[in-house]
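Take a look at the following structure, please.
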Amino acid sequence: MNANPITKYTWIGYTAARSNLAYVGEVISRAAFMAVILYIFMRLWTVVYAEAGASRLGGFTIQQMIWYLVLTESIMLSSPRVSMEIDEDVRTGRLSVQLLRPLSYALTRLAQTLGERIVRFAVNLFAGTAVVLILVGPIRPSLSGLIMFTFLLPVAFVVDFLGYFAIGLCAFWLESTAGLMIIYSRFTMLAGGMLMPLEVFPPRLQSIARRLPFSSMVYGPARLFVAGGTDVFRQTLIMQIAGLFLFGGIVLGLQRLAFKRIQNHGG
Amino acid sequence: MWKSFKNYIGLLIAYTQINLNSQLEYRGAFISEAIGMLINDCFWVGFWLIFFRRFPVLQGWNAKDIVTLWAISAAGFGVAYAVMGNSWYLPGLIVNGQLDLWMLQPRAVLPHLLVGRTLVTAWGDAVFGYLVYLGFVRPDLHHAALFVLLSLSVAMAFVGLGVLTASLTFYLGNGTLLAEQWRFAAITFSTYPESLFTGAVKLLLFTAIPAGFISYIPVRALRNLSLMDAGLAAMGSIGIMAAGAAAFYLGLRRYESGNLISMNG
Amino acid sequence: MFRGVEIEHLKKDFLLTRWNGLRRNVSEVSAVADISLSISSGQSVAFIGPNGAGKSTTIKMLTGILHPTAGRVSVMGFIPWRDRRHLAYHIGAVFGQRSQLWYHLPPGDTFELLARVYNIRRSDFERTREALIERFALGPFLDVPVRKLSLGQRMRAEVAASLLHRPKVLFLDEPTIGLDVLARHELRGLIQEWNRQEGLTVFLTSHDAGDIEHVAERVVVINHGRIVLDDQIAALRCRYPGSTLEQIIARIYTSVNERGGPS
């Protein structure tokens, strides 16, 4: 049977998703994790709002602020191990073989990563929602906001995937890519607004962060979920496209260099 | 008694050396991971600096205070798990029956096994903690000396925490997850200002989730240059270590009875 | 002072917890039913039996890792689980799956560490180490990281490491597993040599008949937590002339399983 490519990759994604639908224990431990950090953040922002004497900061009510954090944490915590997997593929030589068919390899990895990530995100969101409902109660997100979020989240995941893929490829030259991975992941955390929305950044840093692709991977989708806004949608989409080109370009360049290296050194 | 203590210190130094040598066989990976953690810690401080740029004072705390908190926590964490790395890996050791090897040797089981391994990333935390305190807070000699002493006290608290939480796995077959969550909660709470928490939660933070003894009291001691608070911090650390050791040896008896074995399905 | 191993009516039951999802099922399992054994100092004994027979449980009780439900054990005059630390100075152990050697470092480094762990006096340590290096032929790779050694070299270093503190009793669990013919032959020879020349009491568990044949003088077969055979190997050969040791053992296993009890 000759499966057509779309079916093949969908099936890979589905299998990866299923194998990640882990045990009850893991969901509970996720919830415990979320409970700790969301509780701490809630205390932090309650104090900040009280000391500022404001009911809104950066346009966010405190409920929206905590919900925003649920979203950003859910996104960040669903981060894939793909760069480690690619690192391993490089070192075991499996990647060298795949580089003869680079598109197929990349798409397979992408399908696996998306499948994994969407499930982990959903589990995180579920656990986080349970906690935040207890802590600050519900918010009323707009339908348009939710739709925009649903559309942009997968794109954000693809951009992030490309970033991690590029790092994994560096295994051809580095003894360990763990360092690069940490830098990338922390940059995403900081410049991507994981800990506070960009609106609350001091002005100069805010404009810098808005111009980096990380904001489109974390802040953008999270903000859309919580408070909608078509201009945020537009900015996020533009940044995501820029990110696709930027990271995608880096991946292509690295692949070419890697191929040359294999030809010279034999993997 | 003193001779025995000196003997164990000598053993500790020998193990730290051999652990380091073993890791340095893969120098690139070791440095990469340690520096990775150092960078991670820098980013967290970076977040707080951005936060305090926007909100300059938080219940009497400023940027320097939060950096002090991070510095002492990181330094203590780093020393603890760099030297006694197996207090981090202990849940797995217990569950996989790897205590046997340590029990075959002529040494007290707990202290011996604790120094048997190092947590590579902890080295990055340690370097970060001391450097950022010296470089950012720029303490005078008194504060610097107190910082170094307190970092050792915090290290003891972290070792105690690791042992205490790991001992849960003697009793719960799949307790590794729970033990790690408990440990994670204590570590996380200890990196946020004490004043954020009140009432029942605060009580919790000085008992079951001992963040109070891990970092809150040491930070108080540093801010006020108070020897009394420093003494209190040290006592708290000893308390946590004692609790951990007691829990461990109690669990070890269960291990020795062989009743630990549990299978799934 | 009796310096051997003395076991009297050793019994070990433990509670086995079975998890079925969230439901817990606790049953009592008898790992060792009744074992009595006396091994004099300097003897070399093979302790064998099918999987699940109670071998490793017995060894764990002899080394102080487990304490028994009933019975008496004396190893070199010590009660293992009570005087574990003191006993540890006098016993050595080589367990196939668990290595004492630091993987990324040369064996020499592990030896130095062990000298500290066992508080071996410097002069004694150097003397013993030299003797071991010479007789185990460790010289060529003493400074080579363990991960780069062949399995044969690693096992030689492993056994040598277990002898650094000059124990009186050595417990070996599957020491030749995975070794090629030459390496196996060498290792058996070394253990036998140490047994004969240093008076080392050897307690060996192995599934390999060759190990038993070349290292042990006495064989104890255990099944279902009881001893089903305890005899000198020479005597066994007389009783079953013409059979190899492997055949003899296989026969014993089968007859035991058929009868489901001691002979």
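A, B and C are the chain letters, set down in written order, and residue numbers restart from 1 in every chain.
Throughout what follows, a residue touches a chain if its C-beta (ideal position, glycine included) is under 8 Å from a C-beta of that chain, and two chains touch if they have at least 3 such contacts.
All figures in this text were calculated on a predicted structure; none of them were measured in a lab.
Located most centrally within the structure is B, per distance between chain CA means and the overall CA mean.
Taking the CA centroid of subunit B as reference, the farthest chain centroid is that of C.
A straight line joining the Cα centres of subunit A and subunit C is 53 Å long. Distance between subunit B and subunit C, defined via averaged C-alpha coordinates, is recorded as 38 Å.
Annotation: 30 Å between the Cα-based centres of subunit A and subunit B.
Of all residues in subunit A, none touches two or more other chains.
Within subunit B, the positions touching two or more other chains are listed as 26. Contacts with at least two other chains are made by no residue of subunit C. Those residues of subunit C lying in contact with subunit B across their complex are 12, 14-20, 31, 57, 60, 63-67, 81, 84-86, 88-89, 91, 93, 95, 98, 100, 102-105, 109, 112-113, 116-119, 145. Considering their complex, residues 25-26, 29, 32-33, 36-37, 40, 43-44, 47-48, 51-52, 174-179, 181-183, 186-187, 189-190, 195-196, 200-202, 205 of subunit A touch subunit B.
For subunit B in complex with subunit C, the residues that touch the partner chain are 7, 10-11, 14-15, 18, 21-23, 25-26, 98, 100-101, 103-108, 112, 173, 256-259, 261-265. Per the touch definition, subunit B reaches subunit A in the complex via residues 26, 28-29, 32-33, 35-37, 39-40, 43, 46-47, 50-51, 53-55, 57-59, 174, 177-178, 180-181, 184-185, 188-189, 192, 195-197.
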